[in-house]
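Got some structures for you, see below.
Shared chain: chain A. Partners: chain B in the first complex, chain C in the second.
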Partner chain A sequence: MSALLEVNGLATHFTTRDGVVKAVDGVSFRLDAGKTLAVVGESGSGKSVTALSIMRLVAKPRGNIVAGEVLFKGDDLLKMDDARVRDLRGDRIAMIFQDPMTSLNPVFRVGRQIGESLMLHKGMSRKEAFERAIELLDMVGIPNPRDRARDYPHQFSGGMRQRAMIAMALACDPDILIADEPTTALDVTIQAQILELMMEMQARTGAAIIMITHDLGVVADLADDVMVMYAGKQVEYGPSDAIFYDPFHPYTWGLLDSLPRHDVDEKGVLHPITGQPPSLINVPPGCAFHPRCPFAQEVCETDVPPALAVTDAHVSACHFSTDPEFRRGVAVACAVPEGVESA
Partner chain B sequence: MTLRDPGNVTAPSRTLWGDAWRRLRKNKFAIAGLVWIVFIVAMTLSADLWVPATFGDPLAINTAPGASLAPPSLEHPFGTDKLGRDVFSRVVYGARVSLTVGVLAVSISLAIGLLLGSLSGYYGKFIDTIVMRSADVFFAFPYILFAIALIAVLGPSYRNVFIAIGILGWPSIARVFRSSILSVKENEYVDAARAMGASDLRIMVRHIMPNAIAPIIVYGTMSVGGAIITEAALSFLGMGVQPPTPSWGLMLSDAKSLMFAAPWLTIWPGFAILTTVLSFVLMGDGLRDALDVKMKD
Partner chain C sequence: MLRYAVRRILQMIPVFIGVTIILFVLRAPGVLPGDPVRMITGERAIPESLREQIIEKHALDQPLHMQYVIYVRNLLQGDLGESYQRGRPVVDIFAEKFPNTLRLAVAAIIVEIVLGLTAGIVSAIRQYSFLDVLLTLSTSVLVSVPVFWLGMLFQIFFGIRLKEWTNDAFYLPISQMSSAQFPDWVHLILPAITLASVSTAYVARIMRSQMLEAMGQDYIRTAEAKGLKRRTVVYRHALKNAMIPVVTFVGIDFGVMMSGAILTETVFSWPGVGREIFLAVGQRDWPIVMGGVIIIVVIIMIINLIVDLSYALLDPRIRYGGGAE
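Up next is the complex of A and B:
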């Protein structure tokens, strides 16, 4: 069976005065109906641009999708004409933006905004769309939906706005829901509610979700697959369990290690990944992560690591991913934390 | 009704325009301006019903001895001019000319400016360059001289005055609207609309324009005042409304040699220009504060 969404070798570049920014450079993944893929990485790792590229929303003329294919139910979105892509946007593939404070239009009533895609894609009248919007608001847990639908966004709190955004994205019952850091701008207490709501909506509508986040903790429970990105490249991709319990790439190790944990008592010391993410104009030669990688060797500075399959569904772009000796050595080094620095 | 956020307790109004009106009401200067404008409009609209009957036709020349240059009296509250015409009547009918020119001129500016400004702001690049450089050319000419030159070509008349002022006004409107669109365009809700599958036209008309229009309302209101001044100036110079049509600028021009002998001839039209223009500016100022979403209580 072909995947709902299959992305192969996607590359999106931006032309700037300082040079070409390779925001996304060779990303591949597949997403099946009803599944959740988490895209994880630091700021500027290309997560959002990946999402925008799938929707074909990368701002031209500076941003261009230079390579790859995005197969939605077997059709390449990148080769479709604009009108067809517009028909899919919001209808089959919907997106939730990061900041609910700015992604609702301040001059429209909330109900009217949620109904807009229904009017666009389902040919509903204004009245029908508004009635449906009230149902949707109710579904996402807004109290008094009939009253609140007549409110303007500034009368909503942040959490309620994000609920409204979710209602808006789900209005046309999309096959794919892309959520670009949907909880980053929210209070921690609200974050959990919103994630729970998204999972509940997924169970109800069967939509596949692409969850973009820089917070690994967020995705641990809810993702089926995880893709880790670094400097526009896909560094590790595989089933959630494999990424969390048996990761192969040193960057993923670093990410997991930098999470605050409450099950290990180390006097509250965090382990950040040292150094800064590279500029995407001057990506380091070889493996982009080598300047920050505690295990970097000579080959890392010269050769770009290929995506090595460590199991059927799990790939890792590290030269040593398939080298059992390397992993054994790291395991020994990690047992003695001081040893990591000198390695 | 249990989960109302506190904002609603003090804000019973549920629309953005309702909110703006509530804020505008608190601004005493803006309300004074609005009251004055409404008053003038009411005067001019109802003028035909009572002004000529009570104070005499603004065009009726009275050559009877003592009828000309009569100081203010009960019969002629603002006095009479050198042709014996009632000044009050002329000021009231002059308001008609001024307001009509002001509104029509700004409408022309808005029509051209909004169209070019939105094309320029939304599409950028080539169109932007052409529109903005043409605007620069307009700005490069001294305003009043450009207006006089246009009138000289079109011929001085009531109609040509507002056409000339309207044509000269578009670059400012276009520039304000363009910059407003440029900033609104960057908002995430525009991306959200695009992600929803909205077309360019729909995004422009439904999502960008309503959010970018506030500065235009402010600027347009103030421009009416500006257009009234320009009309007065052109008429004063003999390039605007032609006699015997009553126009404030024309009345000032006629009265300038009699300024000390019959001061009421200059005081009243001058007062009318001052208060009317000031009212529009105060209104515009008030609207700017009222429509500013950042000042939401």
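Up next is the complex of A and C:
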């Protein structure tokens, strides 16, 4: 079966005064209709640029997609002419951005902004689009949608604006919804509502979702697959269960280990990954994670690890991915956190 | 909105009183040299009876504060007094000159809007291109050129040199009185371009920077993610946001131009309000100077109010008069 979206070896580089920033460097995944893929990683790991590359919205001339293919229903988005990509954008592939405060245009009414893509892609008149925008606002849980559609963004609260953004993205009933940290800028209580709304909308419209987040807690319940990124590279990719309960890559272990836990009786003790993410201009040779990896060997400093298949659907970019002995060692080390005795 | 407008109009009253008092104090004996009667009559010797007549007519025998009261009372009835030199009511003089100033201002503001906005938008869209560098460079030069000097350069080049080079076949009139062989609007070309020059450069610069700022905003990315054409994104989403500060500048500038472009009008002998005030200052014709300044103040205040109110139309985040939620 051909995937709805298949990304192979995607690489996006930015030219800066200091050198070439390899923001995305070899990312591959597939997304089937109606499924949810979570893209997880620290700030600057290339999650957002991956999303923008799929939409072909990377800011030129500094940003360039230098390699790879993005197959949407079998057609390579990277080879299409601009007009065809624009036809897909907002219609078949829609995007929700991180900060709803700045992502809506302050000088246009909310209803008009939602209706804009309907007029563009569905050929609706301004009036029809506005009526449909009211229905969409109602659908995403905005009270008094008829009045609210006439409001300007500054009259909406943060949560309402993100609801409006979701309504805007779903307007044309897209096949894929890319959400770039949709809850980061919101209150914790609102975050849960927005995630719930997105899941509800997915159930209703059957859209596939790419959920970009730095918050592993967010993705545990709702993702089918998880891709972990580090320094522009894909480090581990597989079914959600495998990533959460049977991770392989030491970085994934580190991420999971750094989550605050309620079931372990050691209040106030966090286990951060030591060190800083590398500069994307001077990515360490070999495995980019090796300077921070507690299990690094000599080979990690010299050779770039290939993506090794742990199981059919589960790949990990670590030299020791297929070494059960190594794996047990990592699991043991992480299960008994170092701080326990001293705390 | 209405309450805001009323409040702003009420605020004009103290400004107005302040301006008239300052003008009056400047006129007081001993502050500036010159005997008003002498200014009216010139250097000729006059009989004492005529002198008294003049003093009485212009209420010059009254103490200064009484003169002020009389002046303001007349002013409120639409009477700005009578010119010392011309023996005509000041109101009539300005009523005659104002249409000329208005014509020049409208022509200049059109030049400013068309050229300034175009240059700014082109610069922003093609940032760092040759055209952008060229425009940025020329606007930098233009903002620092004195208007009267630019006007004179235009006169020399388009009025005199061009005429010589083309054997009188083609040139532009360099003053209102120069000749009658041109259609009326041709006389406007050089003064309008001169008057608009500095402001056009400013508009281009403001437009460019505002446009670039708007183009970098998140909502532009949202608009692109909808699949809109770049043209639509630029001219619908970015432009409306970028226009807000530009409208302010152009609006206020129009007010300044309408109140008389003293330098431009003088260089081109344009019979407008500004030139009239310039001549009156030279002749110490106080009623004209005072009347002119008062008219300028009123025009500027009204234009400022209109500009501020038009904000609310462009930027929905601004609501005057406590309409916030």
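As a convention for this text, the second predicted complex is superposed on the first by the 330 of 343 C-alpha atoms of A that agree within 3 Å, B and C clash if a C-alpha of one lies under 4 Å from a C-alpha of the other, contacts with A are read in each partner's own complex, and residues count from 1 in each chain.
Note that a contact is a pair of C-beta atoms (placed from the backbone, for glycine too) under 8 Å apart; a residue touches a chain by one contact, two chains touch by 3 or more.
All values derive from a computational prediction rather than experimental measurement.
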{"item": "When chain B and chain C are modelled together on chain A, clash or fit", "value": "clash"}
{"item": "Dominant toucher of chain A (residue count), chain B or chain C", "value": "B"}
{"item": "Partner chain in contact with A:154 - chain B first, chain C second, else both or neither", "value": "both"}
{"item": "Contacts of A:197 with chain B and chain C, given as first, second, both or neither", "value": "neither"}
{"item": "Touching partner for A:110 - first (chain B), second (chain C), both, neither", "value": "neither"}
{"item": "Which superposed partner A:144 touches (first chain B, second chain C, both, neither)", "value": "first"}
{"item": "First, second, both or neither for A:31, with chain B first and chain C second", "value": "neither"}
{"item": "Which of chain B and chain C A:170 touches, first, second, both or neither", "value": "neither"}
{"item": "Which superposed partner A:242 touches (first chain B, second chain C, both, neither)", "value": "neither"}
{"item": "Set of chain A residues, in rising order, touched by both chain B and chain C", "value": "55, 57, 86-91, 94-95, 97, 99, 102-107, 116-117, 120-121, 152, 154-155, 165, 168"}
{"item": "Touch list for chain A against partner chain C, complex", "value": "55, 57, 86-91, 94-95, 97, 99, 102-108, 116-117, 120-121, 152, 154-155, 165, 168"}
{"item": "Residues of chain B that touch chain A when the two form their complex", "value": "1-3, 5, 7-8, 11, 14-16, 187-189, 191-199, 202, 207, 210-211, 293, 296"}
{"item": "Complex interface listing, chain A residues touching chain B", "value": "55, 57, 86-91, 94-95, 97-99, 102-107, 116-117, 120-121, 143-144, 147, 150-152, 154-157, 165, 168"}
{"item": "Residues of chain C defined as touching chain A within the complex", "value": "217-219, 221-229, 237, 240-241, 314-317, 325"}
